[in-house]
Amino acid sequence: MSMTNLVEVRNLRIEATTDAGRVVEIIKGVSLDIADGEIIALIGESGSGKTTVALSLMGYARPGCRITGGEINVNGKNMAALSEKERARLRGTDIAYVPQSAAASFNPSSTIMEQVIEVTRIHKLMPPEQARKRAVELFRALSLPDPEGIGARYPHQVSGGQLQRLAAAMALIGDPKLVIFDEPTTALDVTTQIDVLKAFKSVMKAGGIAGVYVSHDLAVVAQIADRIVVLKGGEVQETGTTGEILSAAQHPYTRELLAAFEPKPRQAQADADAATKELLRIDNLTAGYGPVRGDGLPLIRAVQSVSMVVEKGRNLGIIGESGCGKSTLARVIAGIHPAAAGEIVFDGKELERAARKRSQDQLREMQIVFQYADTALNPAKPVEDIISRPLAFYHRLDRQARSKRVDELLDMVRLPRALRYRHPSELSGGQKQRVNFARALAADPKLIICDEITSALDTVVASAVIELLKELQRELGLSYIFISHDLSVVEAICDKIMVMYNGERVEQITPDNVKAPTHPYSKLLFSSVPKLDPTWLDGLVRDPELVSQYGHR
Amino acid sequence: MARAATSRRSFLGHSYNLVGVVASLVILAWTVVAIFAPYIIPHPIGDIVDDDYFGPMRQGLWLGSDYLGRDMLSRVLMGARYTVGISLAAVSIACFSGVVLGMIAAVTGGWLDTCLSRFLDAMNSIPSKLFGLVVVAAVGSSIPVLILTLAVIYIPGAYRFARALAVNINTMDFMTVARVRGESTIYLIGSEILPNIIRPVLADFGLRFVFIVLLLSGLSFLGLGLQPPLADWGALVRENIGGLPFAAPAVIVPSLAIASLTISVNLLIDNLPQKIRDRDA
Amino acid sequence: GRATNAVAATPVSGGTFKAAGWSSSTADTLDPAKASLSTDYVRCCSLYNRLTFLDKDGKTQMELAESFDSKDAKTWTVKLRKGVTFHDGKDLTADDVVFSLKRHLDKAVGSKVAKIAAQMTGFKAVDKSTVEITLADPNGDLPTILALHHFMIVADGTTDFSKGNGTGAFVLQTFEPGVRSVVTKNKNYWKSGKPYLDSFEFIAITDDSARVNALISGDINFAASINPRSMKLLESQQGFELSKTTSGNYTDLNIRLDMDPGSKADFVAGMKYLVNREQIVKSALRGLGEIGNDQPVSPANIFHNADLKPKAFDPDKAKFHFQKAGLLGQSIPVVASDAATSSIDMAVIIQAAGADIGMKLDVQRVPSDGYWDNYWLKAPVHFGNINPRPTPDILFSLLYASNAPWNESQYKSEKFDKLLVEARGLLDQAKRKEIYSVMQTMIAEEAGTIIPAYISNVDALSSKVKGLEANPLGGMMGYAMAEYLWLEA
Amino acid sequence: MKSGVLKLVAKRLAVAVITLLIVLFAVFFATSMLPGDTASILLGQAATPEAVAGLREAMHLNDPAILRFLRWLLGLLHGDLGTSYANEMPVAALIGGRFVNTMKLAGITTLISVPLALTLGITAAMLRGSLYDRTVTILSIGVISVPEFMVATLAVLLFAVYLRWLPALSSVNEAHSLTDLVRIYAMPVITLTFVISAQMIRMTRAAVIETLSTPYVEMALLKGASRSRMVLRHALPNALGPIVNAVALSLSYLVGGVIIVETIFNYPGIAKLMVDAVATRDLPLIQSCAMIFCLGYLLLITAADIIAIMSNPRLR
């Protein structure tokens, strides 16, 4: 057949054998083409098969999965048909991969440089010295700090954003014809994300390298991809140039995706003018880690004399980049991590700093929901046990009453009742987060602290969860403290937004005037949120000294 | 491991494989023997029924006779009782206390953790056979003493193992959630941690069982075992070792018995039935 | 082949001889007074001499002494052999003898025979080669008593015995307690021609089968007291011989008459019927023993009373007695231990017999170490093991006299005590034999010690080893084999 | 960073010393609880009360045990292990030779078994699920399951009694040439290798398989790395921690656990010495042996910890 395109995938089928021994088809006849130097995006909800397809381009299927049909022609060779040896020869040289989480994909016990140039060693591409030079050039091109020295460090000694770019360098060193990025920026802050995207784009364009960019974030994809392929349930829903998809999306799922980006009409506060009662106030709260020093304060201050107020039935958003102290603040309020100084007044009563000292009711009335649902839910217990424990513990309900209540709670969080018998590992990310939330509701609290509960979810699911929160608030008159580094999410639900930087509160604003933040850091932060507009990234001009001052260190 | 093993068949939402099934059958068989031994032995284990010693297998003495001319079949059957019984009791005590302590140390942390770890480490550094020797020399050897000694010897190991696992679980958010809910330590270890470590703990249990069976035989080699005419398999091998040169069944059979039990236990551990976690089940 | 006691051909000198005993520990010693294990006896015998020794017929012969004389059996004059020197070149004098014997009275020495030595009240070095020993009461057996291994002669004033400086056939080369000892030929040994061996290494292999395997594989040329069950293996191999000695060694079942259940005469009587002596010899000892008649003087001893017949195994009679004693169905603890040779097997056999008539005997095996200290003589029903003693007098006064230190069954009889003293004073053998026969009968009938068998000791050796003879003092020629053996070229 | 490591090592060692003291006290306590004492046991059958009393007096066994213990500890600080009760030799002299023997046996066994076990474990992990893997697994289990003394006796019967290739006893002082050495150590080493290897094999295999499923190993595969490279370069370095730990635990057995082998091959090692010491209630000797066992164990464990830490950049 005549090779017109670099990549030609023809009705690819991939089967997975579940541990029941049942065979399920997870990729159902996918076809796609990639021209030389073209970057296409694979988007779709979690579990749609993005990673699977991407990996199949390298002739690789994860354990338990098997390529059962179709052709995967890359640069004229059918990866599906090749022997493992021949595939190995192409990996790293013709096709390279940038993993979903770079942090996990670096070998913790060897230096970054070693791993970056390993490809050249494996395929004997060039002598090590030359390889190191090349690597340093790439580091520079990917605008990494200290390009000369960074290679000598170990993975745990560099930040997530940097690792992500180092992973890219690792992929590019064997100068491949095709690079596969698997959600390279999902784990990053908006501020960092910009730089990474910029770096990727420039390098790819410079080398005329074709790419597959896996993501579920349309806005990001819009910045980097020439064409977009929408996956769902292991099937291609629609394909088109970025422009077409953004302007005239055909497929309902694609529409949903786009919809998730339209600024949502926030519920007009009915009692906006009515005098609001304060539920939680914290004054000059300071907390941190490491040894306590003479002044009774810890060495590393993660939170620096922060004060704030949460009103009944209203929500407070806390945003800021990774590591700025959001979670710490949340944990301090919940009493998980006792404060070093400052006071917490909840419902008129001053709270002990350590949860262990607080009364059962105080504990019950303030619930916290963690970022990662899979670690927040005990994998060994079925959903019903997880949800009904607070019922038994706080409300002393008997069996029937409990099981009735569990049903109600599942309804509340829009989960099918049948799910109650499943274990967390049998749930999707979104479902887990809902269960996680249902458990908090079971206590019927006055205040729920949500620490990045949507960060691990893809846009569609995330906005669904947000909607859910709003409704519940209307029904139960709850208040939320909503922590996130994603402005759009916070905008959607909060009445007040507190911006944190480096453990300190820099300013507090209302969603209406996010367009005009006063503090320079807030400016940087807000300006970094990607827009659907494909030209946004290239057009983006950021005050350089702002960046140098507040950008990722 | 399990994936590595041969053909798997599923049943009752669990998937088994042949090796595992066979192994568990062997174990079951020995357990049954252990329970009913007293009713099925042809001769009292103390009676001398054969003028010859190390007699061959033959009509009436199906497994030949031992060094005193006692019926080997009866002794092996009864031996099952002591080997399985004592080892099981000992390993249960060892693992139960070890695991509970380990989990408590992990969730409580602090000085309690440190003290426990130090102390049990110290225990661990005393060679087990010598420990047994001292204990038996001090209080003589009886079944309870044996069980307790064996248990004590293997508590530190179980502790180390369980603690390591529990510490990992302890860092999970759901533990924090439970703590903030105000749960008691008992609940934390019982309902939050244990379910998550039960599988490896079981595996460890099986392995220790094997070690205890062997240590028991080691002890009877040193003459610290059961009271005659009772004898566990190890003791049988020991007291008839003189028959090894002419491959007397008296020494071969109990050895095979030990091997069959311990190997089965290990194979079972490696091929435990697995609960099916089907994504879209 | 079977036991060969024939002293074949003429001895040839040379060669190294490696023998293995069965027990050894860090407590091994070269101090004759402290010697406790066969291991110690063997080593001491190769390094030191005694004043007298027992020959293969149990007759007392002179060694370092030339003569023993006494009118009243109370004051004894011992003439010493001349020209005998210690390994360090010093001559043997009366002072050495006095020192060697006197030591046993000193508590700090911890002598094993302190009790027997106690009867020697006076020691006098009359001249350089004459010693005068005075006894508390007359005792015609003194020459024989001094044939005990503990009464070896050491150099005057010795405190450090690790040198092993004696007058014996070999000179100490290395001694590692609990491991091994090597001795080499004493060039100027006073017994002309002896020893034949150039050197003699003695180790201990505690594990029975290991000991035999070592012999077969040629690591050693002599394995002491082998387990009867190893004989099958040995007989299947070429080039090995067994030497069987039935000395006075026995393992006895002791029932203390002064406490329950032994205080009930019927229990004791019952037990005597319950013990199946044939089976014990056949099964437990594998035929390597002679049925015993419940008294300590063995057939190897000239004073043995052969007319006294052992009790026949009779469960019904036993049952009758137990019923009479009202003990049937009760569980009686019987303490046994590896420390007392084959006591555990014997216990099991008796237990099985008891089970058949509904007499519940509960065998308790206790660890060997500390057995003699914690159970022997103490437990109501327990096993003991008695090493051969040269004379009935020693046996009786150690084991059965009312004031005996080791009165295993707490047997007390004035008549017996009187007879004992009477016999001791006599120098007329025939008369003594009469008395001793009566006493043996008394023990068999009245005492609570059941002696089912005299255990023969079987040593296995490579057929290259010549010159081994049986000896009433025990295996390995009464532990003194080293100086008599030679290796076939 | 280096100083951090030093501090850590120091801390570990301090902990080790504390543990040692605990053990010594425990052992002392246990042994002084034992019935009978050296005097009565030495006298054996001749242990009449007055005789015992006399000897006790002579051996200064009358002053309280705790006092004797402290005296011993004090001596220890001056590097003096005290003198044995059973025979008035200095404990150091008694232990000396035997300690060397134990170390020799342990050393040789280690040299054989550790490389063997690691190779088997790693290769099994590499070829996971293959016939080879399954054979290794089953064999290793089979080997754990045979009583030690059975293995030893069989070896003797085969090689010494029937084939007459090797001596039945391992008499160290007859090792004059290398061949002697081989002949003497062959059987004990084989036996011990049987005993300790299985566990190491299983652990190594498990640890390597564990790390083989990590993303960075998958990444290596996607770089086109060969299977062996994935295992040796990426999996193994990260599996080192658990592996050295398992090895340490297995090896610790070689210090005090070899009593059975010592008995059967009549090998004068330190385990048998301690058994004797217990039998004669020889407190100084018991204490010294216990101390050696404990030290051996602690050294191994601590070494394992430190290696694990060194091998992990995050901790160093």
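In order of appearance the chains are A, B, C and D, and numbering begins at 1 in each one.
As a convention for this text, a contact is a pair of C-beta atoms (placed from the backbone, for glycine too) under 8 Å apart; a residue touches a chain by one contact, two chains touch by 3 or more.
All of these numbers come straight from a predicted model, not from anything done at the bench.
*Asks:* Which chains are shared contacts of subunit B and subunit C?
*Replies:* Shared contacts of subunit B and subunit C: D.
*Asks:* For subunit C versus subunit D, what separation do you get between their C-alpha means, in angstrom?
*Replies:* Chain centres of subunit C and subunit D, defined by C-alpha means, are spaced 40 Å apart.
*Asks:* Could you please state the distance in Å, as a whole number, between where the Cα atoms of subunit A are centred and where those of subunit C are centred?
*Replies:* 89
*Asks:* What's the distance between the Cα centroids of subunit B and subunit D, rounded to whole Å?
*Replies:* The separation of the two C-alpha centroids amounts to 22 Å.
*Asks:* What is the distance, in whole Å, between the centres of subunit A and subunit B, each centre taken as the mean of its C-alpha atoms?
*Replies:* 47
*Asks:* Please output the residue numbers of subunit A that touch at least 2 other chains, ranges allowed.
*Replies:* If we look for residues of subunit A contacting two or more partner chains, we find none.
*Asks:* Going by the contact rule already set, what residues in subunit B reach two or more other chains?
*Replies:* 137, 241, 244-245
*Asks:* If you look at subunit C, which of its residues touch at least two other chains?
*Replies:* 209, 233, 368-370
*Asks:* Please list each pair of chains that are touching.
*Replies:* Touch list across chains, by label: A-B, A-D, B-C, B-D, C-D.
*Asks:* Note which residues of subunit A are touching subunit D in the complex, please.
*Replies:* It is residues 55, 58, 60, 62-63, 87-93, 96-97, 99, 101, 104-110, 118-119, 122-123, 154, 156, 170 of subunit A that touch subunit D.
*Asks:* Under the touch definition given earlier, write down the residues of subunit C that touch subunit D in their complex.
*Replies:* Residue positions touching the partner: 25-29, 34, 36, 107-115, 162, 176-180, 203, 205-207, 209-210, 213-214, 216-220, 233, 368-370, 372-374, 376, 405-406.
*Asks:* Could you pull out which subunit B residues touch subunit A in their complex?
*Replies:* Touch list, subunit B to subunit A: 8, 10, 15, 172-174, 176-177, 179-183, 191-192, 195-196, 198, 274, 276-281.
*Asks:* Name, in rising order, each residue of subunit D that touches subunit C in their complex.
*Replies:* 34-36, 39-48, 50-51, 53-55, 57-58, 84, 86-87, 89, 94, 97-98, 153, 156-157, 160-161, 164, 166-169, 171, 173, 263-266, 268, 272-273, 276-280, 282, 285
*Asks:* Mind listing the subunit B positions that touch subunit C in their complex?
*Replies:* 44, 46-48, 51, 53-54, 67-69, 136-137, 140-141, 223-224, 227-229, 241-246
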